[in-house]
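Shared between the two complexes below is chain A, which has chain B as its partner in the first and chain C in the second.
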Partner chain A sequence: MTKDLSTWLDTLLDELQGIEVRRKSSRRIRVDVQPDALPALLELLRGRASYVHLSAISCVDWIEENEFELVYHVWSYEIGSLVSAHTRIARDPGVYISVYDIYTPAAFFERDIHEMFGVFFEGSPDMSKFILTEWDGPPPMRKDFDSEAWVNAHFDFQDYQPDWLKEIEAKGGGVAVRPDEQRFSRRDVDAS
Partner chain B sequence: MTELIKTPRTGETLPVKAGKRTNPLANVFDELVRFAQSRSLFMLHYCTGCGAIELPPSMTSRFDMERLGIQPMVSPRQADILLVTGYVSVKTLKRIILTYEQMGSPKYVIGICSCTVNGGMYWQSYATAKKLNDYMPVDIYIAGCMPRPEAVIAGLRELMENIRQGKADSWKDYYRHYDHYLGHQQRLFGETWQTPTDVIAEARHYGLFGPDTLGTHTALLEQHQRPLEALEMKVDIPELMARR
Partner chain C sequence: MRPENYEAQRQPPSHEYELNIGPNHPGIEGNYAFKLRLHGDRVLEGKADAGYLHRGFEKLMEGRLWIQNLAITPRICVPDPVPMEVSYCLAVEELCGLEIPERAQWLRVLQLELSRIAAHLFTFGGHAATTGMYSPMFWGIADRDLVLDLFEELTGGRVYHIYNIPGGVRRDAPDGFLDRVRSTLDYLDSRLPDYDNLLFTNQVFVHRAKGVGTMSREQALEWGVTGPNLRATGLEFDVRRDDPYLVYDDLDFDIPTEEAGDAWARTLVRRKELVQSIRIARQVIAALPSIAGPIRCPIPNPLAWNVPAGSVYTRVESSKGELAWYVVSNGGERPYRTHVRGPSQMHAVQVLEKLSVGCRLEDVAQTMFSLDACPPEVDR
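Coming up: the complex of A and B.
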């Protein structure tokens, strides 16, 4: 039965127009699909072809092409293979449709992607903050977010202390820090 | 990385020397107290990152911290040492500061792993704080990624020795220069940052109120500070309410 399903799926995917199917290995299929056809494909995979497990939704920021790539990884326990459905959406409004009605766990992945990349999923039950509850900057996983610049603007770094290394080598353990020697700021805190 | 510039703050007080009292008997007593303190330390290990892995072997029979009189403690109110093991994310840092302020004096902070010293391998991460001693005074840093239990024990022994000699008084710095630490905290958490602990009143209580305790940042705190209110006790279980 399992083999039937697998062959049946292969035939069907080959018949469909507008999607590109690449078999990476016997247990991995990559499908490239247009954004408006992706929910239908997932519906088909889940409803008819036993791909009941949504492992993850990942997002890639292709800043030069001005696009976000969303990858839906679905797994079938019966066939034992993973289908990765790739789709690309425009980066600018960054709005896509939720697949919460097909896969319930999608709510968490979509919430996470919304937080990290700023992609809004229409129809997702909750788009509020997830992990970065105390973050009010831009979505940090976008390619145009300069993490290093943000770090330099918000944190000070420790000076290079060659004596500390000698101290560690001599004692094999800790370095005692005097607060008076450490009270400096690269940026003047009061000026900010 | 841009160059670091040291800017000494104005109105800096001199480092306080371990004061010896004139009465020789009081001196002996002080030394005894310090010796006893150094031999009985309760440690609150705030295991933020991977460094926590090195603590079970340090505490248990292989390296046995308890032979030095160091024991784990479950609550900050009864702990002497705050052990911060590993990277400190901005969210965690808030909790660490709350924990630190709840501890009774004298209290000592140990930063374990490279991440507490300088961000470690997370140096360019937006989510992790870099220098722990910007936000609270740190007594000992144990560098390494991660330090072996031997290094942890050596660092703790150094802290014990410092306590015995009366040199480990970094906790006083939090009260003397509260404005400095609060400034760093506000820079990260925003102007409305406040903790339930009234640090300024505590500074007065300990007699550590100095010219640098108050400043522009504490003025900002006073503007935004909401008075603490007791939480309302609520029972939201309908069956219980019906029984009443």
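Coming up: the complex of A and C.
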């Protein structure tokens, strides 16, 4: 059974035009594919070669090429290999098609990528905020988002002043409370 | 926590009502909210709400050196931190083409299995507590502490070890350490009958857990369920055996499965995995003295380490399921992108939302804990 399925995979990858296949090891295969052919590739991998488990969808922001790279990692329980399908979409407007109809787990990853990178997936069941519920800035995982600059622009800092320490020391120390100010001190116990 | 997100919405009169469980509640190992719509005590709809533990680790890691990121990785999943460290190290090693010395591999396996034991003890206790039984929780936490003592001796840290580095491990096991591991394992073994009496054959627990949160194998595969939750539906799959890493190929262990796919079956699978983890750890103890050699291979200056460009996807089996890192390097001294795929990203969100429908209110917390979901993995 396992052998049959892997021959299925080889014929399948030969049949498809315009994809580049690279075997990285016995259980890792890298496929580079055009964005319009990726859903068809995933459908064939799932339907004909038993790649039923979508392990993850990763997004990489290649800002110099002005592109987002989407990587779909799919695993076959029967063949025992992991196919990573890489595709690149334009950074602007950053819209792509959902694969939720092929893999149910895609809903979480697409929602996450939408939130963190601003890529909109058409046809995904829920594109609302999930982790960054109260965030109204730009998508933070993009390379042009500078966390430090954002913090400096939106939050106030209080400079540390060594004088504070002197003031505290002048009052008789840090957090320690003087015995006569303690509500339940040993002194009361001894007095009674 | 803006009030408009939590204010009651005015609704037309009906017998339905909404109930927010969380962000602090007994059903999960961290802060996580679950918004329910109910009719009587029957759940009509559940909506997961994450974000209370978001620390932006993936973004932080892009700004730090490869070696500095080791301090971040274990913090992504608090109850089971070792697989996070190990899989990140495996990714960096694969990018650099480093060969890890055999002794380091065995030490890593020992750590991974001890961490799995600790995480499972934690989960049993938590699951029992959601059904109103608090003794197993105290017992589980107390016994987990013995494993943490071993970690403290080996690594210097109880929870966050930061013991693995790309190329191997930071230091060798101290003198007499393996004997202490052995005696702790013997003790844990002797405790298992007590656990059985207290929890696993306790009819109160069995009646509460049976038939709760049931999923079929087809559903589990459809929803991306992995790890013990998948094995509880009868599929014998484990990354350690079917996509092996480190020295798991040389080890002898079984993959326990159950057929029912409910909370009870998931608990039983973890109970049996505990035995297997003890078995693996004993094999490591027996093998380790005869494996000489260094504990790490030579690595470049870690403060000026340019990792070769490329991308890699490494998977390991954590106590909760399939854990993977996608790491991209552009040849620089910092990662270009790191993406962590935690098993709870499926279990705590889609799977939980689906399993809670039709469940009774008192079983919601139990369903959550039986999936062993870890919110820090979802939020990252």
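The working rule: the second predicted complex is superposed on the first by the 152 of 192 C-alpha atoms of A that agree within 3 Å, B and C clash if a C-alpha of one lies under 4 Å from a C-alpha of the other, contacts with A are read in each partner's own complex, and residues count from 1 in each chain.
The working rule: a contact is a pair of C-beta atoms (placed from the backbone, for glycine too) under 8 Å apart; a residue touches a chain by one contact, two chains touch by 3 or more.
Only a predicted model underlies this, so the values are computations on that prediction, with no experimental measurement involved.
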First (chain B), second (chain C), both or neither touched by A:I63: neither
Touching partner for A:A40 - first (chain B), second (chain C), both, neither: neither
Contacts of A:W164 with chain B and chain C, given as first, second, both or neither: first
Touched partner set for A:V95, first chain B, second chain C, both or neither: neither
Touched partner set for A:R28, first chain B, second chain C, both or neither: second
Contacts of A:P140 with chain B and chain C, given as first, second, both or neither: both
Touching partner for A:V151 - first (chain B), second (chain C), both, neither: first
Where chain A meets both chain C and chain B, residue numbers: 132-134, 140, 147
Chain C-touching residues of chain A, taken from the complex the two chains share: 27-28, 52-56, 58-61, 71, 73, 77, 80, 82, 84, 103-105, 107-109, 112, 116, 130-134, 140-141, 147
Chain A-touching residues of chain C, taken from the complex the two chains share: 2, 5, 49-51, 54, 56, 58-59, 63, 221-224, 226, 235, 237, 242-243, 311, 313, 315, 322, 324, 326, 328, 336-337, 339, 341, 345-346, 349-350, 378-379
Residue numbers on chain B that touch chain A, as the complex places them: 1-2, 4-9, 12, 15, 90-91, 94, 110, 117-119, 123-127, 129-131, 133-134, 137-143, 147, 150-159, 162, 167, 170, 173, 177, 180, 183-184, 187-189, 216
Partner chain B, residues of chain A touching it in the complex: 132-135, 137, 140, 145, 147-148, 150-152, 154-159, 164, 168, 171-180, 182-186, 188-190, 192
